[in-house]
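So, here's a batch of structures to check.
There are two complexes below, and they share subunit A, which is joined by subunit B in the first and by subunit C in the second.
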Partner chain A sequence: MTMTVTGAADDVRTAVPAPVPARRRRRWRHRGAEAAWAYLLIAPTGLGLAVFYLWPVLQTGYFSFTEWGPFGGHEWVGLDNYRTLAADDEVLTALRNTVAYTLLGLLGIPLAVLFAALLNRPRLRGVSVYRALFFLPVVTMPVAVAMVWRWLYNGDYGLINYLLSLAGVDGPHWIADPATALYAMVAVGIWTSLGYNIVIFLAGMQSIPREYYEAASIDGAGALAQFRRITLPLLSPSLFFVSVLSVIGSLQLFDLVYVMGGSGQAARANPAFPRIQTVVHLFYDKAFYTNDRGYAAAIVMALLVLIVVLTAIQFRLQKRWVHYG
Partner chain B sequence: MWKAVRVGAAAVLAAALAVSAAGCGGEEPAASDDKVTLSYAVWDKNQVPVMEELAAAFTKDHPNITINVQLTPWADYWTKLRAAVTGGAAPDVFWMNGPNIQLYADNGVIMPLSDKVDQAKLDLNVYPKALVDLYTFEGKVYGLPKDFDTVGVWYNKELFDAAGVKYPADGWTWADFKAAAAKLSNPAKGVYAVGANLAGQEYFYNTIYQAGGNVISADGKKSGYDDPATIEGLRFWTDLIKNKQSPDLKTMTDTAPLNLFESGKLAMYWGGSWNVAEFGKNEYTKTRVDAAPLPTGVKQATIIHGLANVVSAKTKAPAQAWEFVKFLGSKPAAEILGRKGPIPAHTGTQDAWLTANAQFKGKVFLDAVSYAVPYPVSRNTAAWNDEEFKQLTKAYSGEVEVDAAAKELAAQMNALLAKE
Partner chain C sequence: MAEPPRPPRGGRTATHVTLLIGAAVMVGPFLWQFLTSLKTLTNATRVPPTFLPDWRWSNYGDVFELLPFGDQFLNTVLMTAARTAGQLLFCSMAAYAFARLRFPGRGLLFGVFLSVLMVPPPLFVIPQYEIMADLGWLNSLTALIVPGLFSAFGVFLLRQFFLGLPKELDEAARLDGAGPLRIYWSVMLPLARPGLLALGILTVLWSWNDLFWPLIVNTDPEQMTLSAGLASLQGQFQTDYPVLMAGSLLASLPVIVLFTVMQRHFIQGIAFSGNKG
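Our next item is the complex of A and B:
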């Protein structure tokens, strides 16, 4: 996460350049040596990825065909886990919740665009202060964020219900009531990622040349028309990037649910839990609480397939609406 | 930046985040006079100081052995321990409880201690028989009892006085409890008689046995949840929620009953003898609360349970680890424990506990031993414990009638018991 964050901050300063129509220099003679250097330089990262990411993925794939004893040791069971998976209501519910998170989480994008547009106004004072304020939740530990929100959401002693009570409203038990828990979680999710998305959009907006707007206003286009006809189309690469990350992030939602909804016994005793359990939380529960590691591996492999498919669809669709430079 | 490859790779790698895990291996056993550090895993933060005091006392006599007390809160203790055992990184010595002992012993995770007990000529009759039996699996002892606990009613004197209700006393019944509960509850003010916590040991197990029911048959083969008496024991709690004499599950999810009791929102808290540490330290409860026996239903009953210290089968220093467990089971150690912690298991040391906690009627918990029922366990207790939570949550939240939930639970539990 930290790497992406720094990357994003760099982008703000340098303003994302439009991709250069490349292939200017074709020094085929040096290609071999250059490539060797390149591979050498990316080797540490590449090895790290292979050892810490690719190998576990392959292992997990293998484990999804096994059944585990309570303290390790496993035997091959073929497709049994996948058969159980297809008929498991718990998986279906978790999947439905996860899709709901993903769709509702996308609402954070227009919100971030709105804030970015407000921050992008020329001669706005203290932009960097606002930017820092919006960015704070992004660099705060998710567990700390979730703990604080848990208190805010407390049905009897939480700040939110206290404020509501001043207005004469009797607020619900936000994260323990099946009717509100999912939405309460989504709100925190959007709030957490808002700052990151704003920074990306702000960078995208600042890389749009001023001249376009000047020309448009000479032609008589108002602020709204300028936003619709210039900002949005030229922002589409950022929109695409953020929507891909948002979907992947939502599909993998775990920490908020773990801290705010509970895990193990506490989760079982939370009447709202069936409404908020995500696929990754279910994976954790099966792998580490009920110790059904083979089945957990099958759940997470199914999730992997889902993420790859959804991301592929997003890439397919981008041709219709994303404009590069 | 927008290159498809990169985002695509990010997608695959991000997905990998969800699946990655790691572990590590062990080393050579230590000779008996090597300098070693033993890890000692515990789950009660209130007992960490006395565990450290015991560790220091042990190191004084065994200068080559240092003890590293590791606290993992109860909520994560068993999850973390299982992961540690699977990854080959189990603590050398750790706390064990009734629901888990058979699973750990059966899978060879912990070391049988019978031979060592015989060699050291230890007399196991110094511990309550119920506890030695609890930690004996297939004829071998796997743990030395550390403490024991029974359950009682902790009550808030201030709230009882305010409602003009007589304090609970010896011989009080379910009818007395229900009458008191009706007078003590004031939902408009957020004050309730008791929190119907979804927990077996302190809550529904007790009422099940008081109603004449059972959780599991004596041979450990059959669930008792479809017994009408057992269902009465559960209805005790669901009725309290229905009558608004207990907060509902939503409130108790947001704020744990313990916290509600400690802020004067619950008049009674069904808790164990181990709560003396918590209530003696808490500014609010230390002057306002006291203990009483559980009310009598068809029968008088309370759940008795106790912890044991066990040694990991994979410890690098088995001799030293046994030495430490032997010390923890000794009379001097029990006396230190009694002054600062729960009721020690070693006979003749319980008075130290009573004296140390003289501000509460601690004798309630010692007297309860005479009518106590052992904590219900089988070979894989955790599996059906999980089912208890899943099914009973629906009954407590009012989603399903309590008898339907109990019968479903009995069916699921019988299926799990058949697999053991």
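Our next item is the complex of A and C:
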């Protein structure tokens, strides 16, 4: 957090001699030398980004107007890919699923606020232990997470269905059942990112001056009123940040679907797969499994549009509810 | 610490109970993973399930039969180390220049860097793959490492950090006759330690756990990373869950251990990137 920054800066300030009189100040002899050093220092990352990131984006845009032959090589087909895409059930379903993941994934935010608020209670014991436990899934390899949950969700031998059976409920084949697959995946997504969101919210809450609460409680405001009138408004920049990240992350969901739903033949054998396939998974399938790279490029361009639109909406809406101190 | 303002009103027990339930849901899956990893397949698929394991440690040995786990472990370590070292060096160089040096086109160039940050990774990978194929780098450590050496996010994060350091520092060092390179290396870098640590931790985390890129470029099992190797097991054959649980535990353990040891820095790094990014 900022704490570490100002801490370092303070140490420095005390160690630095008093400012030098202006006439003794000397700049590097040549302004040009300073610029030359700057370009030199920027060059490695600058070139790397240009070659591996900037140029590829433009190329992907170009590829989306081409069709790839089975033995490499591609030809310009104009808007054909986009026309096919607009009528392609597989793409539309993946888009719909992705939007559903994104919206349902936002449910993780109130949950994280709740836990952060509990952890922020004054003089609570064991905060760092709780925080570490909630954070564990964040540092765990997503592939491993997906495998564990696949096992937990297993319809015949899974722990979840066993626990449900104790309550007399006959659990479904979670990720193989079209009715439940999407929700089961969303739950894992929320579980995975909960700890990250809690850390962000807790840091935000801890930066709210205690005096505000003091003043409010002198005025007779109860805990709930304090939460609504002080915590939520002052937390709104963190809420905004987390919701933007959550939307961008959900729109690019891949790892979970790849491991839990399978890919290639395995995916096609899963009856629930059409219900959980995401845009990025479909992109991967087209680009690297069926080698239909022009079409894949068009799919991922559609994703870009979706991300830009949803993020722009969020930035528009923030003016109404985000308060910057 | 100032004395908390109000005596916590009731519900201390309720708070702990809620947090404990939450914590159980977070840790439970890992516990089940561990217990399953020590069972025989027969006992793992018993209905109702047995809870106590059979202490079948040989499941962990079987992981190495199922996958070239040693090779994949080494690939993951090397990829993570190289990407992290590269990003710390290259990003801090660029970040220093953007934050502390004056040169024509600074704003424009930084804007271009930022624009990379806004683009979702899938938009890069087809051309990146083509580049790797053209250079003959597919199925090699080089392919795993090279694009990950450069990061717009790292530049952005460290620039924020360098901007927070006092101006007098450069001036004093310049008076002593230090050039930009000396100032970057001997003055700025040591002071930016917390920022470098934050970027380093995030890069280790993301590299170790990365699936998408390694999956695409390295299809030869010996050249895969752990996450791609593990992912390749799904749906291949009759799933042996105890061995899968052992493998997934082994693969994620290094970062979990690192997190346990450096917990405070992890949390600070995340919170820092959250408040600055």
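Keep in mind that, in the parts below, the second predicted complex is superposed on the first by the 275 of 325 C-alpha atoms of A that agree within 3 Å, B and C clash if a C-alpha of one lies under 4 Å from a C-alpha of the other, contacts with A are read in each partner's own complex, and residues count from 1 in each chain.
Just so we're on the same page, a residue touches a chain if its C-beta (ideal position, glycine included) is under 8 Å from a C-beta of that chain, and two chains touch if they have at least 3 such contacts.
Given the structure is predicted, the values throughout are model-derived calculations rather than measurements.
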{"item": "Which of subunit B and subunit C A:Ala94 touches, first, second, both or neither", "value": "neither"}
{"item": "Partner chain(s) touched by A:Phe283 [first = subunit B, second = subunit C, both, neither]", "value": "both"}
{"item": "Subunit B versus subunit C as contact partner of A:Trp191, first or second or both or neither", "value": "second"}
{"item": "Partner chain in contact with A:Gln252 - subunit B first, subunit C second, else both or neither", "value": "both"}
{"item": "First, second, both or neither for A:Thr45, with subunit B first and subunit C second", "value": "second"}
{"item": "Partner, of subunit C and subunit B, that touches more residues belonging to subunit A", "value": "C"}
{"item": "Contacts of A:Leu133 with subunit B and subunit C, given as first, second, both or neither", "value": "second"}
{"item": "Partner chain in contact with A:Trp37 - subunit B first, subunit C second, else both or neither", "value": "second"}
{"item": "Partner chain(s) touched by A:Ala302 [first = subunit B, second = subunit C, both, neither]", "value": "neither"}
{"item": "Which of subunit B and subunit C A:Gly155 touches, first, second, both or neither", "value": "first"}
{"item": "Common ground on subunit A, meaning residues reached by subunit C in one complex and by subunit B in the other", "value": "16, 19, 49, 52-54, 56-57, 60, 154, 156-157, 241, 248, 252, 254, 262, 265-266, 269, 280, 283, 287-288, 297, 300-301, 303-304, 307"}
{"item": "Residues of subunit A touching subunit C in the complex", "value": "1-2, 4-6, 8-9, 12-13, 16-17, 19-20, 24-28, 31, 33-35, 37-39, 41-42, 44-46, 48-49, 51-57, 59-60, 63, 114-115, 118-119, 121-124, 126, 128, 130-145, 147-152, 154, 156-157, 159, 162, 165, 191, 194-196, 199-200, 203-204, 210-211, 213-214, 217, 223, 238, 241-242, 248, 251-252, 254-255, 258-259, 262, 265-266, 269, 280, 283-284, 287-288, 293, 296-297, 300-301, 303-304, 307"}
{"item": "Complex interface listing, subunit A residues touching subunit B", "value": "11, 16, 19, 49, 52-54, 56-57, 60, 69-72, 153-158, 173, 175-177, 237, 240-241, 244-245, 248-249, 252, 254, 262-266, 268-272, 280, 283, 287-291, 297, 300-301, 303-304, 307-308, 311, 315, 324"}
{"item": "Residues of subunit C touching subunit A in the complex", "value": "2, 4-6, 8-9, 12, 15-16, 18-19, 22-23, 25-27, 29-30, 32-33, 36, 44-49, 90-91, 93-94, 96-98, 101-104, 106, 109, 112-113, 115-116, 119-131, 146-147, 149-152, 155, 161, 164-166, 168-169, 171-172, 174-175, 179-181, 184, 191-195, 205, 208-209, 211-212, 215-216, 226-227, 230-231, 234-236, 241, 244-245, 248-249, 251-252, 255-256, 258-260, 263, 266-268, 270-272, 274-277"}
{"item": "Complex interface listing, subunit B residues touching subunit A", "value": "1-2, 4, 7-8, 10-22, 75-76, 79, 82-83, 85-86, 103, 107, 109, 190, 198, 249-255, 380, 383, 386, 389-390, 393, 396-397, 399"}
